[in-house]
Amino acid sequence: MNDTIPPSRGWLSSRLPFLKPLCRHMARFPMPPVNLFWTLGACLMVAFGLMFVSGLFLSLHYQPDLSRAFDSVEAIERRVPSGWLIRSIHTGGVSMLFAALYLHVGRGLWYGSYKALRELVWLSGLVMMLLFMTTAFAGYVLPWGQMSYWGATVITHAVEAIPGIGHGLLVYLLGEDTLGGIALHRFFILHFTLGFIIATVIGLHVLCLHGTGSSNPTLDGPRPDRTTRPFAPFYVVKDCLAVCVFLALFAILIFFLPDLLGKLDNVIPANSLKTPADITPEWYLAPWFAMLRAVPSRLGGLIAASASLLVLFALPWLDRSPRHNATYRPLVRLGMGLFFIAFITLILAGMNGATPLWVWLSRAAMLVWFLVFLVLLPVSAYRERKITGSSTQGETP
Amino acid sequence: MRLLRTVLTGTALLVSVSLTSLPALADTADDPIVPIQKAPPPTEPPPPMRPEERGLMIFQQVCSSCHSMERAHYGDMIGLQPSVTALQHWAQQRHAGLESPIASPYPSVAVGKANNGGDYPPDLSHIARTIRGGPDYIRQMLAGYRPIPPGVTLAPHTYYNPIALTHHHKFKMRPPLHEGMITFPDGTKATIPQMASDVTAFLQWADDSHRSTRHFIGTAVLLYLALLGGVLLALWQLLKKEA
Amino acid sequence: MTQKHDASIPHPFPDEDASLLPRPTRRTVLTAGSIALGGAGACTLAVPFLDSLRRTEASSAASTQEQAVMDISVQDLEPGAHKVVVWQGMPVAIQHRTADMIRALEDPALLAQLADPQSRMKQQPHEAENAHRSLRPEYGIYVTICTHLGCVPDYKDISSLPASGGFFCPCHGSQFDGAGRVLRNMPAPYNLPVPPLHFVDDHTIRLGESTLSPHFSMNSIQQL
């Protein structure tokens, strides 16, 4: 190799030769004429960054020990300087993050962002969603309040439903027969480590996106717009603007409505002899809690909840229509609309008591969930492929 | 080095401080200050106290003789009582230090129950949030004791309180507040409704000490975001036109 | 945020470039403004995070108040014996010297080896600025934290002068004599500190309080 320094380049670019091309690629990245839903990724990035940093600082004060976990959280709230602020960023941030995450996934569903050539973007995103759900669940256990303890008890016992190995697996995961100090320590390490793993997957997700480019919401419409413009500065400013609005909502949530989504019972230390009267999960995990509850058999509930997520992974192959945008696909529009309603129904069902009304509503919602993805989308795709023939209408890669 | 050492020895220091140091304090720290200290002019009125500061006094003198506030330490009250010496003194009276939790005065739950007609005095750390009815209930209940109406018989250690939610108005907590039982330094008259409201303010503070700071920071953050958003919006409009 | 379109990107409306000439001023101002505001916001966001690393309010208020006192009985200490007590989290060595040991501390052969034989550095209250570096010659009381990097030296006689006793720091080999005085050319720059103390009676030492120099505290010494 030639070790002489080219005089025209800067110190950094002579040592990191890919830096400048990378920055140029980022700045010039061609963006189709996307709408405001395409700013959610930037919001998620900011939300994750805040969660990551606040989590790191909280972990300096948190003690993953059965006898001290609850008190260390109280110490963060009461006497660590600014600890309450960092913790409120973390506990409020999780709701903001999931709200943006579900909207981001919903946008992908509606505009067909999962389709051919973007499968890896979709799959890496789904993997990330599962990681986020696991992280959130593990994190919720850490304060070791009543809701933490009983939420963890209910979910870990769902594992017991796996035939044959269920109980053994549960004991293996918990490290002992019941949920205790060993499990708490494991949950803490899991929660802490997943933050770094998610950061890596975010990198992969963005890498995949930059391979194929953003999807274009105008393509299936009557007036497709194929012009692109470079990411900087227009979309940088647009994303910053969206982040501003996102942060304002974030601030309203944590500074003015801190009890809106929090569970009161979690200020009571865990008591393994007394289940709180209204045990419900956090809203972002409520849909799957509702599914576990709606299926009479424990194993059935576990299978249904897992299948509801797995079906999303199969989406690129279930819907092979060349059309992307649900706005211009009447059947899919109906289906996606129904799915969004079903999802909200499941959230509400999970957060409400196990009354027959909510159980039946969640059963109906689950039916819609699977019908839309397993029947409606493939049928609609089949019909559209017949109409358009083999000609590729959508985007050209 | 000295800083590190100080941090490392903080705990040991505090424990020993709380056990032995009050006389030493008077000797060493206060001596040089005494001659230049001036008594405040007699015409100056005492500084006004916040309701939660009066509430802390009531908690120290009344509530804490039965209730615990386990999640808070004695030192946490520094937000309402800036004198560390006074807090240390209070903690010492209860055989504790600044960094110990405000524990129940009863050695066990059974003793606590036996002393209170069978009901254990609940921990007050988060009572303002977790009790049914919230702060409004606490305020009304504390001032809600009434003479026994005809036809109602009460077991021993039971008190008539039509506001109380447990035991159908036959409440186990003996009436905690009495007219004039506390002399507030700011001259506020210690009436029962006044004290009930002050102690409720204190319990709300104990549950959520950062409420006012939180609202202040929240407002500042929103104003900042509005400003930044305004600039970005203007820039975006400009870029839209240019492109 | 780049301030201008890169020249290599084809501008969609090249004709308008001329009419845009006055624009960049406004655009530059807005870009600079948002970068400045955003940066200021990010810096402000760092404040609570850095703040959380501070010690708690109550503990810092309490620690500025005064230092703790501790009574130590030396009744059980035979001449020639020593013991270590923990005062404010610091190891304090107490030695009961024999007459030989006291004499050895004034040996010119020893003094010649010491960095600060007259205890000129403020590492002790003034009543200990003497040949035996202590309030009473028969008791030597030193905070055994090496003035180099804070390790805890242990008892070890100086090989050439065993009678004077001594301390040896295992980390970087600093040697001190029996009065806590550091030898020449050692990593440690200062003698071991003498804590504030006085004798309540002949067999009780009160650490943390000096009657002869009431304002002396561990914060007044040169280095710990």
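Descriptive notes on the structure:
Which chain is which? They are A, B and C, in the order written, and residues in each are numbered from 1.
Note that in this section a residue touches a chain if its C-beta (ideal position, glycine included) is under 8 Å from a C-beta of that chain, and two chains touch if they have at least 3 such contacts.
Small disclaimer: the values here were computed from a predicted structure and weren't measured.
The chains touching chain A as well as chain B are C.
Contact count check for A-C and B-C (C-beta pairs in contact): higher for B-C. Distance between chain centres (mean CA atoms), chain A to chain B: 40 Å. Look at where the CA atoms of chain A average out and do the same for chain C: the two points lie 49 Å apart. Taking the mean of the C-alpha atoms as each chain's centre, chain B and chain C sit 37 Å apart. Within chain A, the positions touching two or more other chains are listed as 79, 85, 229, 233, 237, 240. For chain C, the set of residues that touch two or more other chains comprises 12, 31, 34, 38, 56-58.
Residue positions 73, 75-76, 228, 232, 235, 239, 243 of chain B are each in touch with at least two other chains. Note for the complex: chain B touches chain C at residues 1-2, 4-14, 16-17, 20-21, 24-25, 27-29, 31, 73-76, 78-79, 84-85, 87-88, 98-99, 224, 227-228, 231-232, 234-235, 238-239, 242-243. Listing the residues of chain C that touch chain A in their complex gives 1-3, 5-6, 9, 12, 31, 34, 38, 47-49, 51-54, 56-58. Considering their complex, residues 71, 74, 78-79, 84-85, 88, 229, 233-234, 237-238, 240-241, 244-245, 247-248, 251-252, 254-256, 258-259, 264-265, 267-268 of chain A touch chain B. By the touch rule above, chain B contacts chain A in their complex via residues 71-73, 75-76, 101, 125-126, 129-130, 207, 209-210, 214-215, 217-219, 221-222, 225-226, 228-229, 232-233, 235-236, 239-240, 243. Contacts from chain C toward chain B in the complex involve residues 12, 20, 23, 26-27, 30-31, 33-34, 37-38, 41, 44, 55-59, 61-63, 65-70, 86, 88-90, 145, 149-150, 208-209, 214-215, 217, 219, 223-224.
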